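Per-chain residue numbering starts at 1, and chain names A, B, C, D and E are given in the order in which the chains are listed.
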Amino acid sequence: MNFGWQALPLYVVLISVVTAMLIFALGEGRQHVRTTLNLGGAILKLALIMLMLLAIQSGASFEFRMSLLPGLDLVLHADRLTMLFATLSAMLWLITTVYAIGYLEQSPNRARFFGFFSLCVAATMGVASAGNLFTFFIFYELLTLATWPLVVHRGTPEAFAAGRLYLAYTLVGGVLVLIGLIWLHALAGGSDFIVGGSLAPLAAGNENALRTIFVLLMLGFGVKAALLPLHSWLPRAMVAPAPVSALLHAVAVVKAGAFGLVRLVQDVFGFDLAASLGLADVLAWLAAATVIYGSVLALRQSDLKRRLAYSTVSQVSYIALGVATGGMLATVGGLVHLVHQGLTKITLFFCAGNYAEGLGVHSIEELDGLGQRMPVTSVCFTLGAFGMIGIPPLAGFVTKWYLGAGAVAAGAPWIIAVIVASTLLNAAYFLPLVHRLWFRPLPEAMAERALAIRGGRMQALVGPTVVVAAMALLAGLFAGTPGSPLFWVIRMVGGES
Amino acid sequence: MPSELLIGLIFLPLLGACLTVLPWRWSTRLGVFAGLVSLPVLLVALTLAVIREGAWYYSLGGWTAPLGIRLFVDPLALLMLWMVAIIGGVAAAHAWHDFRPGTPEGARFWPLWLLLTAAMNALFLSADLFNLYVCLELVTLAAIPLIAMAGTATSIRAAMRYLLLALLASLVYLLGVALLYNATGTLDLYLMTQTLAASDGPATSLAFALIAVGLLLKGAVFPLHVWLPNAHASAPGPVSAVLSALVVKTAVYLVYRLWLWTLPAEDPMQGAVELFAVLGAAALIYGGILALLQERLKLVIAYSTVAQLGYLLLVLPLASVTAWQAASYQLLSHGLAKAAMFLAAANILHAVGSDRLADLERLDQRTPLSLFALALGGVSIMGLPPSGGFLAKWLLLEAAWQEGRWLLLFVLVLGSLLAAGYVFRILAAALRRADPTEAEDAEGTSPIGRRQAGYALLLALLALLAGFGAAPILEVIDAGAPAGWSAP
Amino acid sequence: MSATATIYLLTAAAVFGIGVYGLLQARQILRQLLAINLMGGAIFLLLITLGGGAEGPPDPVPQAMVLTGIVIAVSATAFALALLVKLQDATGSSDLDPPDAE
Amino acid sequence: MIALTIDAIIAIGIVWLALQTVRGANVFSAIIMFIVFGLIMSLAWARLHAPDLALAEAAIGAGITGALLLVTWRRVHVLEGRTPQVGMAARSLWLTLPTALAAALLIASLGWVALTLPAEPATAGELAWQRLPEMGVSNPVTGVLLGFRAYDTLLEMAVLLAAWLGARVVASELRPGALPGPAHEEVPLVGALLSLVVPISLLVAVYLLQAGGSAPGGAFQGGAVLAAGGVLLCLTGRLESADQTSLIERIVLILGLAVFSSVGLMMLPLGEPMLAMPGVWAIYLIETALLLSIALTLVLLFAAAPGLRRSS
Amino acid sequence: MILLAIILPLLLAAACLLWTPGHWRALLPAASLPAVALALLPAERSVLDWALLGMTLGPDASGRPFLLLLGVTWTACAWFALGYIQRHVRSFWVFWLLTLTGINLVFLAQDTAAFYCGYALMSLAGYGLVLHERSGEARRAGRVYLMLALFGEALIITGLFLLAARFGNAELATLGERFAGAPEADPAAAFLFAGFAVKMGTLPLHVWLPMAHPVAPVPASAILSGVIVKAGLFGWLRFLPPEAAGAAPPVLALIVLGLAGAFYAALFGLTQQRPKAILAWSTVSQMGLLLTLFAASLLGVVERELLLPVLGLWVLHHGLNKAALFLATGCAPTTSSWRILLFAFPALSLAGLPWTSGALAKDAAKSGLDAAHMPEWVITAFALTSVTTTLLLWHLLVRLRQTDKPAAAHPAWILLTVAGLLLPWFWAGTIGQAAFPDMVKIWDGLWPLLLAATAILIWQRAQIPGLSLPEDEMLALGRRLRPVIEAIPKVPKPAPPAAEHVSSALMSVLRRVEGRLTQLPIVGPFALALLLTAWIIGAF
């Protein structure tokens, strides 16, 4: 154990835990203190991460190690992949916090909300900086725990039904991971994440065991990543408040699953091993099926958030798809989507939240003409939707570009068909929304309805929306700039494989 | 010096109990302090001694076995003693409010509580079968009045049922002891092994079978658990905590002692561990499902105990060092978590006036700290990280895996899912809002409520911390693994 | 083994069985307590008989055990009886499983 | 042969009485059968060379237990005016049959196992005989109880205390005590009888106590006898229940446990092991304390009252 | 200047989004002027490697005519639109300017990603123009437009992926050399061809075009038909170098497809009633001709060198004239004789009347095809399209006379008409193609017109009734088929599973079991059974 400079990843995790605890301790009153705490924690965390980022650029490495059980360590470290995810979450946490403060103004149970919110981010940070599967699993499960209160936050029967479903899926998923983990532990001991996989030496003679382990872990992570047969919790979880959905979809839960799949393929098995066992293909097929299926279902939703949810189901699988395709280009595509999907989807959810809060709009039919009532939000929404479709120069395009090219380079051109089909479907379910926003006349009733967000609340809600939308745009537009997510990912993949 | 520590562990609570019988307030306070607060201090010294010297015997009165009665301390006993000290101590602190010295309730409560503490300490240290019978009876007779202190019809009925079955159990156990004494000529748990290895025949196996059934009854192992749920659920909070966390463990502890220490490894009676495992598995599933069906908070927790005891029996056939670690850690983390949950449930019951799940809405507003403790305890019970329960489950799974027990693995997993089901059912009930738009009401928690919640929280946090401090604990525990389990 | 020992051993076995049957079957708690005491008696008889009581010199250890056992039995019975009264106060019935519960 | 016949008769009697206890027409007769069962048992003890047990069974097993059962029966059934229920008939066959079957199997296996047990002398027992002289008493049972296995006895006192404490917890507020009130009608002869019996019981108790060292007897038997005297006093209204447990009563209640523990602990500073007896005097001291505690506890349990006081 | 071309319209679009265009609206037409400058001034090139996937922008030889067309047409149409657009003004200008940004980017892009970026922006923003009227018809047209545009994009991106796998974000100028021999070449070329064909309105992907162009407001139709469709051709030129076609280019098939489109569209246009629909079909027809030319340029590097200027000239000519005709439909061209004259110039130019820019382009094309060793029938067929075009434009004039409502003649129309007359000549001069026709060529240009005139006369004499067919011919066919499709029985949904009942039943059973188990006579035998089991395990 080393609690010095090296343990920075630990402190990054702990900041959120401490924030959460303080918020819980503070109770429901004392709004200003809570807000200060929230923002202070988020900013401090972001600062620390930036510090780590700089240090890593200059060749430093971070690792915190603590023995939990004989032969099993809790390892928190910071590699490039960690930093990618951690930076994204820290940044989006800050923004989402601002948004949530505005969103939940005057609503009950804010202490609980923000406490678990912080805890959720702590878990996400842990997931990001986990240095082995065991540690990963710990935070992965913690994430389940921290999210559930957020999902059921509204306290309505639907919320609880959704919470139940969420738990049923994620806990079963956790169990699958656990079994896989135990098996792996029996085979390989407490193996740390190693670039290119740590299992290659074991492959001979253990093929079937490794296959089974992979499938177990894949399904386990797939639950949170909403892979095809395991996705139904996600749309139902939409009963949660908008910031939660945003966080759930863009940063925390779904991403943690996807991140797990990335770790699984990249750092546990290594792509070469996964491919030689035929596992990468399995994952790729599954991801591809999810991409299509999610999109098709999204088409059929009439509730805005549910449509976005199914869109998430589809989009997140790009990450898995990219990683499972293998090869430099596709991997870049998959990993960079981690960031891009996050930025884009959080934009959309913020917008959905703005519509809901501002005018009580929940269903797609009610979007008609809202471009006039809420132009800024609508522009952001449009940007987000285009980003999802993959229209250049938005971030989504960059992803698809690398994925598509990577698919060909990796000799799996069928994936192009998947991407194209998904793009078309994306367009099919997003463009009608954009159309409604801008080209449909504003109904009388809506024109007369008072806008419920104004003043400071307006700034707190629209401000973050604009920021994330701009980020989604800039991440694509300036993809070639050093420091962009793409740049980072290319260095990561290029430098490491 | 170390042996005096053992004496202190038993006799300080015992004499404390005597003091509390006296009518003065100071005597009660003194008795409680002498009997409870001293325990952790003694245990620190004892732990150091055990680490330094390993396990040892102490012959009472200087009469060596088989003539006299010996005390035996080893890491397992040490673990149990620590649990008594910590869980019992925190529960006592919690009870201090409801059973103040000087009140009639206090006067009735504390002597029994201290006797119970002394009895458990004595039981965990005893190396003599008949002495263990006396200890078991003392535990029972001290615990059941504590249940009845709740005074409700349910609690009295539950106490009665518990008493009848506990007496049956004791007698069945005693019959086994009688047969064993005759077959081996000694009552000492550890001396008996050699004689047992030489003798065989239906008598010793019947004796062990009788003892097993007696202990299974006392340990509330499915299907003999029937007395437990109502008894644990209807007792006063601190009593529930101690009953679930410690008292039922006494029987499990004895099963461990007898099967892992006393019975020779090649004795055919070792086959009974498979039966235990089957029962454990059934308990895990059945208890889990029944917990899901309950409508009252404390009943859910009580059925959870039925289920969780299953884990402790499941381990028996695995016979590996991992399994040993798993069992020890399950003992510890379940104890902490379950006690936390019962204390929290008591606070909730006190604040809400009912523990029906339907009445528990908005607990996060009304009793936030207690709910938090309940949830943290629940996390450990579910075996979700980071918690002691998680590590225990991990070790269990690993042990099952090492032995290639797939069915067991499946049961373990199913059990933890069921646990998640009932824990989250509680939490869902607690977070529910009858009217989601209703404005928050800032019901301040009273200082007393906060303190009471603090005790539950303390235990819950300990259960959580157990998820991080396993390495040193297991290091001590490993040294105490039974023969045959320590081989890598 | 002497004939005396055989007789008393069989007696002990029979009484224990009868006690078990009585405990499980009786409706009134008083009867159940009687049955428990019968079981206790049977065990004591077994202990003493096996302890060489039939041949002498008897083994003092089982005798001491039985003496302890008797005191414990009376303690437990006394408490159980007090609890019984309380049960009747609290529930209006001195049965655990009133016939209508079945 | 005659001995064997006696044994057989006793055995048959025991089994028959046990059956009657279980199957008795009503609870009251079951209790009576049980008391008789206890008396016959003490005969068996005598036949088995266990005079200590014979005494204890007669005094405690049959006497005190019987008194407790009867007084409780009265409180539960008679005072409430309930008609005694028929014992067995109410259970359906489906509930009875498995139990009966299981019990029969149990009897068979237990009997079989007991008969096949090798009757080898027990090591602990032999050792007890060998090392009895070190104790300074000649009654081996007392030697075991207060010497070799003194710890059991000590904990047993704790059990007794727990029973009383437990009984206090569940004491019924609705029906205070089983004792007749002050307006109890006095039978003329009772007073004379009492003035004879109670001192005798005291005398017998003291005798049993001091005899315990060498002959059958000891604190338990003595305590039970003393308790019997107390019970009589209660039954005749000489003693009545008090609202509070007096200080003296409290001290006496814990006396056995406290004295026993203290004596045991006393030797620790001298480097002796715990519960090592410093001498015969200590055994008698402990026995006296035990006797007092046992007697008072049993009387209080019988009276179902917090305390006792002399009737005004 | 290059950045200005991109950013100026973007800034103006943002301004329009935020404020309704007020007195500064006069600036709006200027947004497209940088394109003119880029077309005419010496080449420059900006490398923006920070943007997107590393952007390179700059005009080149093949792009300049397109840029010129873009700049002139867009400016004129914007001018026209200033007065014409009265409803949804902000929306119009935002999309107008975004479309402009996109197409600027398309014509300037020197790398794949930037090209695609512009192309997508153009296509999507174009949707806003198509939908401008918000009428039901506009919606339908918009939907079809969008669906086909997306379909095209999908094909294009697929092709681009195939390229990107090998070349990354390929620089377009050197694509040709690298293309040769790449295994992905054939599929990539096929996808890209089909993708851009959608924009070009190539048969059978033209469905959107005759629907979208008529419903858009006049200036929008003008640029849609005049400029935007050319982006498809530009894409072909950019991404399909002759080397791409591989060993056996299906050139002939493409030529046939192009010619078939040219004839079919022109003839189908005759069945149309609305002037703008007629013009749209004319565009489809003309694009068929461009396909023919393009196909010929696929034959080899030499042919490409030869035909590239011709294609540029043709683009310029058709774009300006078609845009002028569209503007004409908004200026009541039949209401006075000078207006008819003004209308006739571009019309006749399209028909290929000698001395017009149309004749210039056609001559160049024919000589180009000749030089490319095209079979004679191709050239003949090519010439014959002038007949159908003439017929179609006559039909247009007839329809215009029947439908015209009085309207002011906008100076932009005049400007554009003049530009259509002069600019191609100017351009031909700069690339050395300008030559006054000799007699052969005059005859070549004249006989189709005469043939057409004869046909018109016969038609009018014979009083053959006009045929009226829907604009969206394929979709109409589809609508006919719908009942058939709907008649296919659906698979019935399976009944909801009975799992809930089972589980609740199980629960109640368990509750009862637990209740019973608490009774001694039941739990007791269990205990005894366990005892015997344990014993048996141990003893036997």
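To be clear about the criterion, a residue touches a chain if its C-beta (ideal position, glycine included) is under 8 Å from a C-beta of that chain, and two chains touch if they have at least 3 such contacts.
For clarity, every value in this text was computed on a predicted model and none was experimentally measured.
If subunit B is ignored, touching still links all the remaining chains into one piece. Hopping across touching chains, the smallest step count from subunit B to subunit C is 1. If you take subunit A and subunit E together, the chains in touch with both are B. Relative to subunit E, the most remote chain by averaged C-alpha coordinates is D. When the interfaces D-E and B-E are ranked by C-beta pairs in contact, the top one is B-E. Think of the whole protein's Cα atoms as having one middle point; the chain whose own Cα middle lies nearest to it is A. Distance between chain centres (mean CA atoms), subunit C to subunit D: 13 Å.
Distance from the subunit A centre to the subunit D centre is 73 Å, each centre being the mean of its Cα atoms. With each centre defined as the average position of its C-alpha atoms, the distance from subunit C to subunit E rounds to 100 Å.
Centroids of subunit B and subunit D (each the mean of its C-alpha atoms) stand 31 Å apart.
Of all residues in subunit E, those touching 2 or more other chains are 518-521, 524-525, 528, 531-532, 535, listed in ascending order.
Within subunit B, contacts with two or more other chains are made by residues 130, 134, 137, 141, 144-145, 148, 156, 159, 161, 164, 168, 175, 179, 181-182, 187, 201-202, 206. Each of residues 16, 20, 23-25, 32-33, 46, 50-51, 61-62, 65, 68, 72, 75-76, 79, 83-84, 86, 96, 102 in subunit C touches at least two other chains.
Chain pairs that touch, as defined above: A-B, A-E, B-C, B-D, B-E, C-D, C-E, D-E. Interface residues of subunit C facing subunit B in the complex, by the touch rule stated above, are 16, 20, 23, 29, 32-33, 36, 39-40, 43, 46-47, 50-51, 61-62, 65, 68-69, 72, 75-76, 79-80, 83-84, 86-87, 90-91, 96.
Contacts from subunit B toward subunit D in the complex involve residues 3-4, 7, 11, 14-15, 17-18, 21-23, 58-63, 66-69, 108, 111-112, 115, 118-119, 122, 128, 130-131, 134-135, 137-138, 141-142, 144-146, 148-149, 156, 159, 175, 179, 181-183, 185-187, 199, 201-203, 206.
Residues of subunit E that touch subunit A in their complex: 17, 48-55, 91, 113, 116-117, 120-121, 124, 128, 131, 134, 139, 142, 146, 150-151, 153-155, 157-158, 160-162, 164-166, 168-169, 184, 187.
Subunit D meets subunit C in the complex at residues 3-4, 7-8, 11, 14-15, 18-19, 21-24, 27, 30-31, 34, 37-38, 41, 44-45, 47-50, 52-53, 56-57, 60-61, 64-65, 68-69, 72-73, 75-77, 80, 85, 87-88, 90-92, 95-96, 99-100, 102-104, 106-108, 110-111, 114-115, 117, 119, 121-122, 124-126, 128-129, 140-141, 143-145, 148-149, 152-153, 156, 159-160, 162-164, 166-167, 170-175, 218, 220, 294, 298, 301-302, 304.
Across the complex, subunit B meets subunit A through its residues 325, 361-362, 364-365, 368, 372, 379, 382, 384-386, 390-391, 393-395, 397-398, 401-402, 409, 413, 416-417, 420, 424, 427-428, 431-433, 436, 438-440, 442, 467-468, 470-471, 474-475, 478.
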